[in-house]
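What follows is chain A paired twice: with chain B in the first complex and chain C in the second.
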Partner chain A sequence: MIPLQPPRRLIDVQIDDETVRVPEGATILDACRAAGKDVPTLCHGDTLTPKNACRVCVVEVEGARTLAPACSRKAEAGMKVGTETERARHSRKVVLELLGSSVDLSTTPRAAEWNEEYGADPARFGPDAATVEQPAKVDNDLYVRDYSKCILCYKCVDACGEQWQNTFAIGVAGRGFDATISTEFDAPLTDSACVYCGNCVEVCPTGALSFKTEFDMRAEGTWDESRQSETTTICSYCGVGCNLTLHVQDNKIVKVTSPHDNPVTKGNLCVKGRFGYGYV
Partner chain B sequence: MDLRFRDAEPSDEERAAVDAVLGPPATGWEGGARSATDLRFAARAEPRRDLLLPALHAVNDRVGWISEGALDYVCRRLTVPPAEAYGVATFYSLFSLRPRPARVLHVCTDLACQAKGGRRLREQVEERLGPPGETWQESPCLGLCERAPAALALEAGPAPRAEVYAPADADAMARTPADAAPGSPSPNGSGPRLDVAGDAPAVAAVPQAGQDGLILLRRAGRADPASLDDYRATGGYTALRRAFELGPAGVIREVLESGLVGRGGAAFPTGRKWDAAARQPDHPHYLVCNADESEPGTFKDRVVMENDPYALVEAMTVAAYATGCARGYLYVRGEYPRAAARLAHAIATARARGLLGPDILGKGLSFDIELRRGAGAYICGEETAIFNSIEGHRGEPRSKPPFPVEKGLFGKPTVVNNVETLVNVLPILERGARAYAAAEPKLFCVSGAVERPGVYELTFGATLRELLELAGTTGTTRAVLLGGAAGAFVTDLDIPLTFEGTRNAGATLGSGVVLVIDDTVDLKQLLLRIAEFFRDESCGQCVPCRVGTVRQEEALHRLSRRVSHDDLVLLRDVGRTMRDASICGLGQTAWNAVESAIDRLGVYE
Partner chain C sequence: MSYDRLTRPLVRENGVLREATWEEALDRAAEGFRRNVAEHGPDCFAMLSCARSTNEMNYVGQKFTRVVIGTNNVDSCNRTCHAPSVAGLSAVFGSGGGTSSYQEVEDTDVIVMWGSAARNAHPIFFQHVLKGIRNGARMFAVDPRRTGTAQWADLWLGLNVGTDIPLAHAVAREIIHAGLHNEAFIERATVGFAEFKECVEPWTLTAAEQVTGVPAAAIRELAHAYARADRAQLCWTLGITEHHNATDNVRALINLALLTGHVGRYGSGLSPLRGQNNVQGGGDMGAIPNRLPGFQDILDPDLRARFESAWGAPIQPRHGLNLTQMLEGMAEGEVTTCYLIGENPVQSEADSLACAKRLAMLDHLVVQDIFLTKTAQMADVVLPASAAWCEAEGTFTNSERRVQRVRKALEPPGEARDDIWILCELARRLGHDWAYDGAEEVWDELRSLSPQHRGMSYQRLTELQGIQWPCPSEDALEPPYLHGRLWEHDPDRRGAPAPFAVLEHSPPVDLLDEEYPLRLTTGRRLDSYNTGVQSSGFASPLRRGETVELCPEDAERLGVAAGEDVRITSRRGSVVAPVFIDPALRPGLVFMTFHFPDDVDVNSLTIEATCPIAGTAEFKAAAVRVEKLVKAG
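Right after this comes the complex of A and B.
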């Protein structure tokens, strides 16, 4: 069932000399995608309102003093957007370098591809460049927080807080380069308000948050997505009817997700659906 | 909201401090004594999150730091998740979440103090008190640049005290004051400290004090800043009466015609801002006075607030009348205890005399001002970060659009103006827009290598040379930093001190900083301090600023040891990205001063 939306006016936006028509209220990113442009994103998620903190999606809007984040700026009629201008590409390149030099992006999908595309060289800041390297936090049996991979995109905080779960177990603490995602007084997750829904893991764009199964298998070197099959079924715990996607490797469930376009879950699950598969 | 707490209990002292701000808890749900009736009602869920910062201040003022029990109790009282409150408390540099002594000394490290031997002062303090940590810490600009080098001691207790040392003497600071007699308690738990020891008269910061022809500084040294009668006897509240004659639309017309632009740095036309806000159909409208003056080298707002607090109260009332705001927030930076105390006194007196409240001057205007204290974060002077700070969130800037006049404080149309901008509205109404525009006053904060540092009032159009002649330079002037850490170095002294004039010279008037650098100042050290300042004060939200300011500082460290072409290219690449892709003005301007020093002063050649 697709919920009916009130009709929206269509507006014309110019993306790199090509005119595209998008509904009013759409973002520049929506318009870029409608025009078939591949704009990189990290802090943008299909199920969340982005904080537009990562700035890899910046584009040049004609007449604007600074670059605009495509993922958040609303498209306006007659707007002229440059996605591949020298200015936009320069900022994307340097942002990728700044991220790559301070954060471990080894498990970020497409990071290496983008570095190549924009000619980003994270090593240029030298071997002494400050990083956020720290040991992974393994304080429970269900998931691992490896903040040396965290780009502070705020997605986990938003998913845990007011955008989805309303649990508010984590927040951003500290300031500037020292800012981290943290529980109160950096308490272990088991002492926090966490309900282990795993919805933060679902939205993490870099693999800083991962399921313990995946973390352990990666450490052993046995994690291999090419050998995994995905089966979507319906959760059997209660009557809500959440869709579950079981990720199976070597005949064992290694991860449970939910389709982001599922009208019931929008990608979210509870602890039972997400982790209660031990009986299978 | 279903909150989960850990088992930390507040001490009696912490509980009392919080209750003094928030009142006693109404029910067991909020941390009061649990009774059978509590079980018959759900927890109260009134939105009171905006009291988070005042409550944290109360604990910090009483105990000196914020324990887990205290934070939990504040969260219970305000229905705020502990993880979020922890994020807020760790955002501000004046708060500590670890035990520390009641008295903490903040020693300024910033530009004006550095140009006046601040480094040596810190070394002396270190000899006496050990490395910076709990008893003393390095602080960004304290806004006492005219008496550099400066330090500020904040002492927690039932009657919190502040003591200013400027110019600072290491021996005096190392001694705990013997006259630590209990001062007058603050008016309520969240109120600012009333007794500020060791401060020179505020008028000492105004070399022109008492001269005829001053407009914004006319009361400095002539009227008692504590006396409303003095204020009225020297022309106070004539602007508000004139405003009532003109009506709200008439006031906006006058301000538009005067050509007044914002004095906080961005130079946006004030009349247009007011007009846009007044037209917003959404209600209520809010007025925010941005007194979070933290740009290194800036102290004009402090001097105005300390010498003429009623002027700001009157100007806010006029602004509220013109734009239809029923409530105003005056956000003063936490490092300004005396300004906060004087404003609190002025607001209370004005309220008692019917100049604030439900029916101002019998004209049916309802307006009141709430004083809020910052807690050590430069970024909270950004026009949207200040909203988040007042609302009890981390002081992170929001993305624009939407602009504050559409969605500002609490998501409502908001007028946010700097202190100097607001007090300029009074002469506009008193003299008329045309007479005002003919001789538009501007305040400049002159510090560094000059004989008479302080706040100067000049009419627009004077040149930098004229200003420096008034202040009297010492030594050989090598360059002048205009606009503070976010500004630029200039060497041409004949540039006119106007927004256009400085822009044409590739600089900015910014907040009116004029820091004179003579040839004894180590420019590389100064640039390092600027870079360190931005790295420290970046909120951490967006990547270009969070990581870019770190990379900028690293490159400057390398350059100060050995000049390399690669590092200069790297600086330019990172600087350009910070300017283009950062969310707010902090990141966008973090490279300005360094760039101008490289290009114009040839620092790394």
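Right after this comes the complex of A and C.
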């Protein structure tokens, strides 16, 4: 017999001298957001188990020797958390510099804003700093893998693997700085187990994975989010009733995502819902 | 091939379709309906309403049929897939919806996927199943093919096509003989157990093994796991319903839930997975010949009176024709005019050649669609519609009875118009001055007439990301599962007991013999959909066109290789398709899709043997032979 979840108790946590009440089992990040604090995150996925890969969300917990990743550390009753302490800010600055010097963060939402906020200067390691620069992999008509933008957060691997899709088309290959996200034997997607659900693209925080429509429009210089509308509706294929958010520019669908808090999809779609809009 | 959207109305002149103004097309459409009804009475009219369109469109469509024309001849493609589920569930529980929610599949102990290739056909539902499996649930797959679903199962029961009833009976007998049936539940909440027990008695594990091909030990394992589970979900799809005795198949599964008490509790229930975005909603809205909006019985005089006073028109006190009967009516000259909204029966119906012949006999055919389908090409008037899911406002209802908002994101192309606008314009020309100021006004009218939708205002649907019916009150939400009443102690609150069904095994109509020795079954692939009109519009790297899938043993016996064109012949038709070798098939079983009818018309092979209760055809079981092509000369 599988036990059902009992109702959760509420606990009080102190965030920067402000007390907030969150359900037991919530993370420090949940508590920070409940307190209205804007803690940066990259590898954190609201639909995924925390991976603790990027360390950009670190905060200072009173009495702890090391900084804690807010996205995975559970809040505890009476915990005192500093989100903007000198140590936390300095750590975020270095993380942003290391990532920014080696990875192309040009399409990462808010990266430039955070660099300014924390005084990060990714260029300070000089022009010879190692990078992951490489050509984008364009091997099918639906989505593109541009690993020069990849920060190795593993979210795509988790979404493709046991947490959602259970297709296991991608994993991590190599070790250390040379580690990359890869299909088996680095085969093209079309020779891999990929089923083109695009659930990896949905969770990618940097734009390393992008829909072919977006990739092409960016290359042409026609991608303009300020002219796009987002409308959530229901998929027109099977009867499961998946919620689709249609990103429309000039009366054309340019991208399809799904709300992460939706009870039907939890942010996931299949190939038809994600890409099967060509007929309208 | 991909289709272009319809952007102008079309009318037939001198045998060919030409572009026309809306004014002319609507006048022609209305005039044809008026002429036929005047000549033959209202029952010569039939509407096929669109399971792809909104609840609001379906509500107005059935109202058009019942009020403007005055007949109950309205149905939808529900008939070709899940009508038996609705018929079976409503006969037992009084309500035709699946009893559980997706979340419950994650919180259950045993999941039985019976005749359901959900991994490919309902991928996001299957993600809930996978969550359940990851949480510790055991999953059993019952399917002639070792599908993607079966690959995730604890146990795959590969039964012979069309032997679902013997298998279900053997499971039931084993449960009873092991003393694992829920006597308290059976006593309190069901009727007919003694007769049921008697009817399953001959189906010993050995007898069932002989008929179904499933090893006795596997049947026993399923029986014990299902009966011993604290909570269990039984899910099915078209493997159960696309048979000539489909309603019996559904009842056979419901029997198992009644036997074990796996219904009416959180985590225990029965889930038919619907194949089209709004096929649940179409039926809920009354776009079926035997129900008024809110799935209310059309034979109940008090209910009819409510609708008559709200609509200001009499409603026929009898069932209309269902899709199957409509097609028969066309052949017999009783149905002479037809209004098809978003349906492509020429390619989706079994024995497609016969269907086209029947539509050709109509005096007046109006097709409202977003594409010029094979069916639309036969029409006298073609009305270009908007695509409901992204060019209209409204709601859809999904397989867990969740009503969710559909929103307009795009302007329809050219002169294509909203379905409801078109229906109102036609009604106006036929003497009913209808005007709806948007979909919400239609929805509010429906809410005033349907108790199970009453609490679902658009605002609430948005706030709660959809609401499952029943929802009678704006201030409360009902449990996510149905029929909790069956567990009440008070007999009054428990209501009508759920009847067991006494069923007989009836093998597929299309018999195998020396001439047609192979069993053809049909289904869907992950990246394609139905007749392919929609899904042909994107470049799926997975797509490989129509093939005939054979197991390696059969391919070797026939001397054919992968990729080689072969001829597939049934008693009704013959097609040519390339061979695809699939080790997931068992010897004697052949699989094809129906996604590419313009290349390979698979439904010219299938048999139009229909379920007498629900009218669904036996798409899942045709007898065929596969032959090597011989080079001419």
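Note that in this section the second predicted complex is superposed on the first by the 274 of 280 C-alpha atoms of A that agree within 3 Å, B and C clash if a C-alpha of one lies under 4 Å from a C-alpha of the other, contacts with A are read in each partner's own complex, and residues count from 1 in each chain.
By definition in this document, a contact is a pair of C-beta atoms (placed from the backbone, for glycine too) under 8 Å apart; a residue touches a chain by one contact, two chains touch by 3 or more.
Treat the numbers as computed from the prediction; the structure is a model and nothing was measured.
Of the two partner chains, chain B is the only one that A:Ala193 touches; chain C does not reach it.
Using the contact criterion defined above for the overlaid structures, shared-chain residue A:Ala219 touches neither chain B nor chain C, since it reaches no partner.
In the superposition on chain A, contact of A:Phe185 is made with chain B only, not with chain C. In the superposition on chain A, A:Asn166 makes contact with both chain B and chain C. In the superposed model, A:Ala123 lies in contact with neither chain B nor chain C. After overlaying the two complexes on the shared chain, residue contacts for A:Ser236 are found with chain C alone; chain B is out of touch.
Once the two complexes are laid over each other on the shared chain, residue contacts for A:Ala77 go to neither chain B nor chain C.
The interface of chain A with chain B overlaps its interface with chain C at residues 166.
Those residues of chain A that touch chain C in the complex are listed here as 1-2, 4, 140-142, 162, 164-166, 189-190, 194-197, 229, 231-243, 246, 248, 251-253, 259, 261-266, 268-273, 275-280.
Of all residues in chain C, those touching chain A in their complex are 2-3, 5, 52, 102-103, 107-109, 121-125, 127, 130, 134-137, 152, 230-231, 266-267, 273-280, 370-371, 387-391, 396-400, 402, 404-411, 465-466, 526-527, 529, 533-542.
Per the touch definition, chain A reaches chain B in the complex via residues 51-56, 58, 66-67, 69, 72-74, 87, 90-91, 94-95, 98-99, 101-102, 124-126, 128-130, 151-152, 161, 166, 168-179, 182-185, 187, 191-193. Here chain B touches chain A in the complex through residues 1-4, 6, 68, 71, 81-87, 90-91, 93, 97, 377, 394, 399, 401, 535-544, 546-551, 554, 558, 566, 570, 573-574, 576-577, 579-583, 588, going by the rule given at the top.
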